[in-house]
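Got some structures for you, see below.
Note that subunit A is present in both complexes that follow, paired respectively with subunit B and with subunit C.
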Partner chain A sequence: MTETTTTEPWLDSNQKPYIQIENVTKKFGDFTAIDNLSLDIYKNEFFSLLGPSGCGKTTLLRMLAGFERFTEGRVLVDGEDITEIPPHLRPINMMFQSYALFPHMTVEKNIAFGLKQDKMPENLINQRVEEMLELVELTDFAKRKPSQLSGGQSQRVALARSLAKQPKLLLLDEPLGALDKRLREQTQFELMDIQEKLEVTFVIVTHDQEEAMTVSSRIGVMDSGKLIQVATPTQIYEAPINREVADFIGDVNIFKGVYKGQDEKGTQLLSEDSKSIIYATQKVDVPVGNRIWFALRPEKLEITKKLPEVDCNILKGKIEDIGYGGSFSTYHVKLENGRQLTAIRANRERTAEHHLTWGDEVYLHWAPHSAVVLLS
Partner chain B sequence: MKKFGNFNIVALVVGFSFLYIPIILLILFSFNESRLVTVWGGFSTKWYVELMQNQGIKDAAWVTIKVAFISSTVATALGTIAGLVMTRFGNFRGRTLFSGMIYAPMVMPEVIIGLSILLMFVTLAIDRGMLTVTLAHITFSMCYVAVIIQSRMSSYDDSITEAALDLGCTPFHTFRLITLPIIMPAVVSGWLLSFTLSLDDLVIASFASGPGATTLPMKIYSMVRLGVTPEINAVSTILVGLVTLGVITASIIGRRQKNTN
Partner chain C sequence: MNIKEIQIPTFLKRIFNGRNTVISIPYLWLLFLFLFPFIIVLKISFAQPVLAMPPYTDLLKWGESWWPTIQASFDSYLFLFSDSLYIHAYLSSLKIAIISTILTLIIGYSIAYSVAKAPTQWRAILLMLIILPFWTSFLIRVYAWIGILKTEGLLNLALTTIGIIDKPLIIMNTDLAVYIGIVYSYLPFMILPLYANLEKMDMSLLEAAADLGCRPLKTFWTVTIPLSLPGILAGCFLVFIPVMGEFVIPDLLGGSETLMIGKVLWGEFFYNRDWPVASAVAIILLAILVVPIMFYQKSQEKAIS
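Right after this comes the complex of A and B.
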């Protein structure tokens, strides 16, 4: 995987990383929340920390904000070591998951709070507050108290408040977690627009992989206090580094088996499911006989009733379940050995003309270049 | 259902009568024309007028109010700090012991508290008077404030404090500008509670007080020993009124606070 990541522009050696997290460890008693983690984030990036709950992503964010002390390691922001700087002196602001608006202050006072702490002149504060209110489209709500706002409005006040001081780095802890699906999707795009407009570096923590894929320039997938893979959303999805990442990001069909060597069609895997050889174009460098895996996204599995006219990667099965999702349908296909695979097909025709139904005998096949070879 | 309803009503009436008939009688007889406490002689407010001319009672009332004011103010400050510390520090070793020690004065027999305070003052050779009563009242009312603050803080979102720090506010200013205003209703109701506690305390005051500092409850108690007079009823009625006012205000503030959350 290293060959592909070096071609990314932000790993251009002329570019200096803006946030440098160096060998950071955080222990709570015997429990290691962050385990010797290093990460470089570049200016104006929209970086997502993605992982299951308890993976340490929020701890890492709170360490950047200054709320958790470092057990080991250090963090540089724009070349300055901030490890020992208390939270109120860091050039970093955070947007909290609970929004943490000050309930006894109006919206404009909330936004002005950070600026007042900096002893900014009154007229400049008012000007900035107005800009911020315009940015999040809440000008009419300036005099309201937080208790009089909806969830979406509170979320925007929290965003405006954390951006008002023009931080070098904005940390967002599950910023859209409390919003309903529709509002969340809309807000994702707003967030991206604001980030582009203000040119602030964003680090966002989320457990929602779709959200991470939509908004991020790069994603860091975390588990058990470690970064498993740091890459662009496309790479994370199309070229996961191992089964864990493949499984965590989106749906995936994993074929387990034994490496049988290479031929003109690609890497050969003796599948445990079909007892036959299946192919992936991607080459591997392991001894023949090693255990390897193929990962295949459901939308890359073709599902047909007729025997497809290809020379490899054909599996036979029976449709067990159909999930109709409007724009696409999900098919659960049971292979002869009882293994169930998932295939997704876009519904280009009207459903009435669809000819696949429960219990149909079908063929699944895929192009060898669609499968990813995983070594662990 | 109807039968059950009747039973409830009866239970309610009996229960409340049990609680309030003595107090209602006391209030009623404070407006009695007759000097005899148990014989109704018509409505009159003359005992209240007489009360105003009784220098002894007025002195005692003044002492009581001063003691209550100072002790509740100090107790609120200390209790607030204790309550905050208990919630802030999370689960440290010995937490249960500490919180138990804060609650202990609430269940400890007053006689024991009074006695131990008396012994301490004697040992330290502090002359008993206003100062000692005030100190004693601070000691026992502090824990009530601590409990109120602690229960308020249990529903307080810590990220609000963190947000203030994050926006460049120093820890001290964060307390002054953010935490304190938010928990202010709890602080006020804590103050009112300790004020009323101090106002009607007899046992501890009797132990801790000296010749110069007779509180109103002590004065009433000593007057009753010479026989109950309508004057005592009148002063007690005023006390009941004050305490009721305090408790009602405290609960209104408490409810308003709940609504804003």
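Right after this comes the complex of A and C.
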């Protein structure tokens, strides 16, 4: 069990959180951007704040950096209350969405800027700048001005500059938002490597759920200034706590219905999408007759032409649309009641031997343990 | 009968195409309205004053031969350097121009900065207020300052009424009045380029500096000022160059001891009727100004690239 305590400190009550956000509220006039939010982040975590635009994630990040004052609540970093400390004295650095590189300074001057403010001796500054340039593989670009860099290079200079002072906490505001998809995916892994190597606690703000899933140790899903769920990427994806989270992270098929009790196959749901009762293994503790929902990820829906040899969870439908994605295909299947479901199947064979095409009559089915039961 | 098409020679077509015609407009403008007058002034500066109409000798004299003889005289220039009045006037103008440019920069920067930082809906109104005085004639505005600054003027009246002073301040007809007049009149020329620059400055750069441990005042010197340098230069040249040759403000607000080259120039033309010396004064003034103008050009080129 020692293994889990080091990689998942949030499960261990003996571990002391590194960043403690306590009952924080931020109001802009009448508008509440952050609503009584509390969150503990542990040392060396790569924590993502994920949410739609306007959910308050950037405001929270800017409050941690010190650019927005707190209406209520406080934040402790390594036990020290930083709520009233101005930004230039906080042991926190931020990587800006626009990178905010100083256009009148060379790459090395940009990286050295923070170190100079600390009155670090010249030779130590040079040494540190060199280390950082090596880390982001930009040694040859030291003398360039930001205007002479590509987007990816600027992004790495911004990262090097924000890491140069060895902050206790690094805040990253949509760090990969301006990069194209390929570079973004590559940079995600670089970010993870750097974070591991330097052992700095990262808090990243993103609206890209794939990015959050890839890089994070934990994700906090935000909406309307509140945290809806804080969990590991796997838990967020496989066990969302409500329809909102399920819907925001990835695609999902949701079955609405009435709880009919439990039997040996699991929780029974009577849904208008199915003529018979459908099942999920997960147990719930609500009175029979309550409204509940089943959430099912598209890749967990099996799509076949032949009637599958299982005793439950079979739906019949017709293929409306096929989206070919190379490694997988997305099928939109219309049920008999007109409801449309999404199923994803990996394209394991080069040529489509299964011959699924538009208008085909197909069966969808799933194993009861693949479905998540949601109460709200 | 076939109408034969008139063939325009290709070389003419090439010269008078649309692109060249458009480009030529500013060049013709400069040629007729700047270079020609300049050559005329230059020509007069090499002549001798005479009691005639026009009051100077011709530069070219047509004699018996086929070509004219040139009668260039450097007397006017030599005269300028022999009489210390002119050198003093140049130096005094330079001093007044430099000091008032610095004063205008300090006042203009703070105004431009506060307008650029003001809420968006306020900016247009504030800019309007800065430009508004231009709707009144320049002369009237300078005359209005006489009413404010003179011994029994509004300022002294206000100060004595409040009881800050018991004897009226002597501001009118001093260098101080000239500085007040110049700073007041040229302030918008400083504010507008500075505002244009500061307004588009990326505020996240200031946040980044703070985030990296830079105190607000130091951020101002290490980030804001260097980034607004193109605006500072533009504003300073827009003020310095015209102030150098300023005539109206020292004439109306300054005293007899306020020496400015513009005033001297006026005197040479209209009181002494010595056009060659007046022209020489103008040519030397231009030579002095060409240096900062060239610097300005260089800085503009840099800003564009």
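Assume the second predicted complex is superposed on the first by the 364 of 376 C-alpha atoms of A that agree within 3 Å, B and C clash if a C-alpha of one lies under 4 Å from a C-alpha of the other, contacts with A are read in each partner's own complex, and residues count from 1 in each chain.
In this section, a residue touches a chain if its C-beta (ideal position, glycine included) is under 8 Å from a C-beta of that chain, and two chains touch if they have at least 3 such contacts.
Just so it is clear, the structure is predicted and the values come from calculations on it, not from any experiment.
Partners subunit B and subunit C, brought together by superposition on subunit A, clash. When both complexes are overlaid on chain A, the residue A:Ser147 reaches subunit B alone and has no touch with subunit C. When the shared chain is aligned, subunit B and subunit C each come close enough to touch A:Arg161. By the touch criterion stated above, A:Phe113 is placed in contact with subunit B and with subunit C alike. Of the two partner chains placed by superposition, subunit B and subunit C are both touched by A:His104. Of the two partner chains, neither subunit B nor subunit C is touched by A:Val258. When the two complexes are overlaid on their common chain A, residue A:Asn93 makes contact with subunit B and with subunit C alike. In the superposition on chain A, A:Leu375 makes contact with neither subunit B nor subunit C. Touch criterion not met for A:Ile85: it reaches neither subunit B nor subunit C. Across the superposed pair, subunit B and subunit C both touch subunit A at residues 65-67, 86-89, 92-94, 96, 98, 100-104, 113-114, 117-118, 161-162, 165. Residue ranges on subunit C touching subunit A, taken from their complex, read 202, 204-205, 207-216, 218, 223, 226-227.
Of all the residues in subunit B, the ones that touch subunit A in their complex are 157, 159-160, 162-171, 173-174, 178, 181-182, 260-261. Those residues of subunit A that touch subunit B in the shared complex are 65-67, 86-90, 92-94, 96-98, 100-104, 113-114, 117-118, 147, 161-162, 165. For subunit A in complex with subunit C, the touching residues are 65-67, 86-89, 92-94, 96, 98, 100-104, 113-114, 117-118, 161-162, 165.
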